[in-house]
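After this come two complexes, each holding chain A, first together with chain B and then together with chain C.
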Partner chain A sequence: MKQTFRQSMSWLHTWGGLWFTWILFAIFLTGTLGVFDDPISHWMREKGKVSETPQTTAESRSRAVTLAQDYLVQQAPRAEFWSIGLPDDEEPALRVFWREAEGKPFQQRRLDPLSGTEMKPGSTRQTEGGHHFVHMHFELHAGTAGIWIVGAATVAMLVALVSGIVVHKKIFTDFFTFRPGKGQRSWLDGHNALGVLTLPFLFMITYTGLIIFWATYMPAGILARYQGNEDAFFAKLTEGPAPRPLQRIDAAVPDLVPLMLRGEAAIEREARFVVVEHAGDRSAAVRIFGRFDPDAEADSLVGRNSGTALFDAITGETIDIQKPNTVRGGNVLATQRTMNALHFVRFGGYPVKWLYFLSGMAGAAMLATGAILFMVKRRKKAGDEFGSATPRVYRVIEAINTAAIAGLMLACIAYFWINRLLPLDVTDRATREIQLFFAVWLLTLAHAALRPARQAWVEQLAATALLCLTLPLINLITTGDWLFAALVRGDGETAGVELSAIAFGLIFGAALRHLQRRSASEVRATAAAPIVEGA
Partner chain B sequence: MNSPLAPPHYRLALLSRVVAAVIGGYLLASFSTIFLSFILPSSLPEAVLGATLFSFAIYTAAIVWVFAARNATRAWLGLLLPGSSLAAASFILYLAGAAA
Partner chain C sequence: MDKHFAVYLVFFACYGGLLGLCLAMNRHHVQVLHGNPGRPRRLVLRLAGWSLLGVALCLSSQAWGWAIGPVAWFGLLSLAALGLVFLLPYAPRFAAWLIVVGPPLVLPPFFL
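Right after this comes the complex of A and B.
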């Protein structure tokens, strides 16, 4: 490999980019949709139709906590943790979560907040809502393995950004250059313009993405300096209370209501979660989390939190109180938290969320144009990188390109349709929705493998456009609610989801028309060729 | 169209670089984290965090270096020399800290 720095970076950008571009596109697209996870959940749970839920009172919360505690004692008297989610506007059910021990599965149930009995399937539209996209974004619904795959792809993204900058040395000239309708050249111009336009955003979002899981991805420091004891390290870093090891002495958890009320008084917020760590053990502690207030300190990047109160469960002694919106720890921790807040768009409200949404979509489009460019270049002139297997490898890359880009977009909008069409009384309904999302995605891969390349693109884009444009209709048919009604009642979240779907439908429609006009002009060019030759 | 695949020595050199980039680069970033956690001027937990925040930039630079180097041997050397120096320096700092 005797070549210049720019040539070696070009090679790295092309091949490193290709093998990671599909997964990166998925991370970008679902992460960008995840910016609006709350409005999406609002749409999927039909919150727009529900009138304001009554304010919870200290009595209603106390009653709910007692019912949840009775239920949890029955299910798991000894547990690594219990967590009780108190009802609120978004989630009217009383939710309980627990895990018996590390390595055992997480358990989750939804209870009626008045009777404490398990909610029957079908009483509400059970769904993960917009959280599905968020989970897809950071762990591909694959747990720890998914977090590591996403981490590897994120490092590849950083490398692709650096090598991309080296390759495009005329970075500002490129930015002002777009030559449409010129095939390969146009794809490259588009890839460059999108990449340069969003470059600061892309660096920020990629680096801060790694920083969120810093202790998982780079444990060397904690291993070497704290013998790998994360609990001890984080207690020191966050200036929190010392960890409480399991004592293995049985001790029943006393009534949680008095502790919840003391916690609420201490942090001056209503409780949102009541968590018991080491339930059933002498070392049990009760942690009260306050309700998040989106309007408090909305312009602050660091220290936005809802407050927590920690008590010894058995003696009732106060271990730690952190008031809402207070900062703990030093400047480096504040830096790391600022990076988190930047990644999660926890600042600036809707205008900044829209800025992130548009930048994220531009990033996804940059990745898609890069992947398409790879094949457009090689359709014209094969590179023979894989010897005699090259045509077959190209065919596979082409099919994966189609399914990873057009197919994923189709699966994402199909997820909204699945939410409306799947019957309400299906067991594990929320999980089924996600399984069907993956089923649709898998089908697009089969479709891309069976159909000619251009046809596969056209058909999947057409299906995506159709599902986007008609989303308000399916909502009207299945729930009786729709865009116009949402606009009239001033429900911006429901209307925003449907208007955005229509906008995406129009964009895909325009892309399709462009594709068709292009193929028509190619046919004309071929038909005209013999005449020119004859002349 | 039926040109042969790249010759075996080219493919081996490429594999060597990929291993250097993924594993070698990660180890270099790990040792730089440990070294920086000794010398950054703040409390120990904050130094560990700060060193780790920086390590992903080092990892990225290491990968770029591996593919920019003239050959695979130089790529490896460029990782092993700074990596082993950082490890040795960290060990000395650890002994100095234990003695103090």
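Right after this comes the complex of A and C.
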């Protein structure tokens, strides 16, 4: 078959785009919500109602570390690692994590920072909060397999961006063009405008997303030169200390408080995490992680980090200090770290976060319009891509489209509702919330498969709009806190979450009205629409 | 420069710049002002458009520094463009008037 370059790119864009668009939409939508993971966690943990958070002092941190250490010595005197998360504004509990050895299960408990006793389930609203969206975004809650799937989709996104530019015939003449009310033509215009106008953001976010996991995606060098030992490779790359192998000589971890205080003094930051590697062994090392300060050197993109200090746990000897916002390991690593910072928006404060949020939503809308355009085109003039099975394949694509776009949006807002409605004393509450999120998403797929295509879209959009608009109401009913009170006390994070939900509810409501008005005049409009090239 | 004020300035500079480039095209000149623009007018609009985009980049880098400034500029440029493109077909005259009415309307909160 003879094809021009543009025709083959068009084929690539259509089919490569279609198979990956569902997963890319999920990545874009959850990643965009993840820009505001802290405000979302703040809302979900009802932090707005706590009038004042106790100031953490060197004394309170020391007491917390001592309590955590006592607890960990009892639970796991020998462990691959202990990690102590010190209380802060967002998380008042003292958290301890440990794993006895590689391959053993990862353990996690929440302690009272004053008494060191385990917190009873139900005493606080246990939730992953906005973190759920971030994990969904980069690994689909599927660990390394998820990271690979997301990586493949990201490469597909880059392919779709480049092929999309090739396919777009009139990128400059149509730069400012959007023609509404013309059926397929309008979907194509919308898809083009959303894509072209946010192109710098789309390239940046997609490429930097890929670069974050370079060591996972391109392991050949590390496998060949370092026998797959990533620790050894990174120690060399960052000019850091060599990894410390287990010596298998028993040695109790001494009091961690003096090391924590020395670490804080060395990096000039409060400690956020105190980690003990190889606890109980002679090779034990203590690493102090500083608290992230978004305002420090806020005009710099290079090396946004919070500093670490590493000590030999037994002798107390200083092994390594890295001050906050510094880079080690040469220009290549500095470039990679800068790209990480670009991807994570760890700079610029709220104005830049909002720019990322809106650009990300435009990107998600671009993906959604692309997926919808595929079906709009074929509803009008069915192709014959799958022979006699074509109508059935179209039906499946239509159902997945609905569930992947409207259904995921419904599941995301349902996650907020689940957070408020799930009883507090459920065991593993945070995990249950996420399971229920996936349950809702699966239900939308079943719904989309059972209902006629248009009905499925309308009903799922209506449910999403309703849940968005009434989010402040459910918060008022379940917690007694409401939007007005949040505004009065100047709690922008709580109010921001609810106002954004209302804004999304209004957008979905407008989309619904549009859909219903269109259904009346569709036949006329599509008959009048000109034949469209490309897509 | 206050970052919120910078957002406001850069956004409208970008919007104005894009509006200039947009009106320099026959299709959109007809849509907004009726009739095709003459050659001198097209040149002026283009020149003004590109200059405003350049001014926006400088303002943005004044506010955020040359590392983050361009990132913020690209973001605001995209937003201004999306706003313009999706406003044009529904309210073409308003899309043009926005560059005159918009800045003073949004300005007061900065001086309260």
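Observations
Going forward, the second predicted complex is superposed on the first by the 516 of 535 C-alpha atoms of A that agree within 3 Å, B and C clash if a C-alpha of one lies under 4 Å from a C-alpha of the other, contacts with A are read in each partner's own complex, and residues count from 1 in each chain.
By definition in this document, contacts are C-beta pairs under 8 Å (C-beta built on N, C-alpha and C of every residue); 3 or more make two chains touch, one makes a residue touch a chain.
In this text the structure is predicted, and so the values were computed from the model without any measurement.
For the composite obtained by superposing both complexes on chain A, the positions of chain B and chain C are free of clash and fit together. Of the two partner chains, chain C is the only one that A:R179 touches; chain B does not reach it.
By the touch criterion defined above, A:Y226 lies against chain B but remains apart from chain C after alignment on the C-alpha atoms of chain A. Seen from the C-alpha centre of chain A, the directions to the centres of chain B and chain C diverge by 90°, a value given as a multiple of 10 for the model superposed on chain A. Judged by the touch definition given at the top, the superposed model places A:L12 against chain B, while chain C stays out of reach.
In the superposition on chain A, A:W214 makes contact with chain B only, not with chain C. By the touch criterion defined above, A:Q75 lies against neither chain B nor chain C after alignment on the C-alpha atoms of chain A. Legend: residue contacts after superposition of the two complexes on their common chain; A:N331 is shown touching chain B, with no touch to chain C. In the overlay built on the shared chain, the residue A:T318 is in contact with neither chain B nor chain C.
When both complexes are overlaid on chain A, the residue A:F347 reaches chain C alone and has no touch with chain B.
Once the two structures are superposed, chain B and chain C can be ranked by residues of chain A touched, with B on top. By the touch criterion defined above, A:T470 reaches neither chain B nor chain C.
With chain A used as the common frame, the shortest Cα distance separating chain B from chain C works out to 20 Å.
Overlap of the chain B and chain C interfaces on chain A: none, as no residue is touched by both. In the complex of the two chains, the chain B residues touching chain A come out as 1-6, 13, 29-31, 33-34, 37, 42-53, 55-57, 59-60, 63-64, 67-68, 70-71, 90. Of all residues in chain A, only 1-2, 5, 8-9, 11-12, 155, 158-159, 162-163, 207, 210-211, 214-215, 217-218, 220-222, 224-226, 233, 236-237, 329-333, 335-336, 339, 382, 384-388, 390-391 touch chain B in the complex they form.
Residue ranges on chain C touching chain A, taken from their complex, read 3-4, 6-7, 18, 21-22, 25, 27-28, 64-65, 67-68, 71-72, 74-79, 81-82, 84-86, 88-90.
Note for the complex: chain A touches chain C at residues 173, 175-180, 193-194, 197-198, 200-201, 204, 299-302, 342, 347-349, 351-352, 355-356, 358-359, 362.
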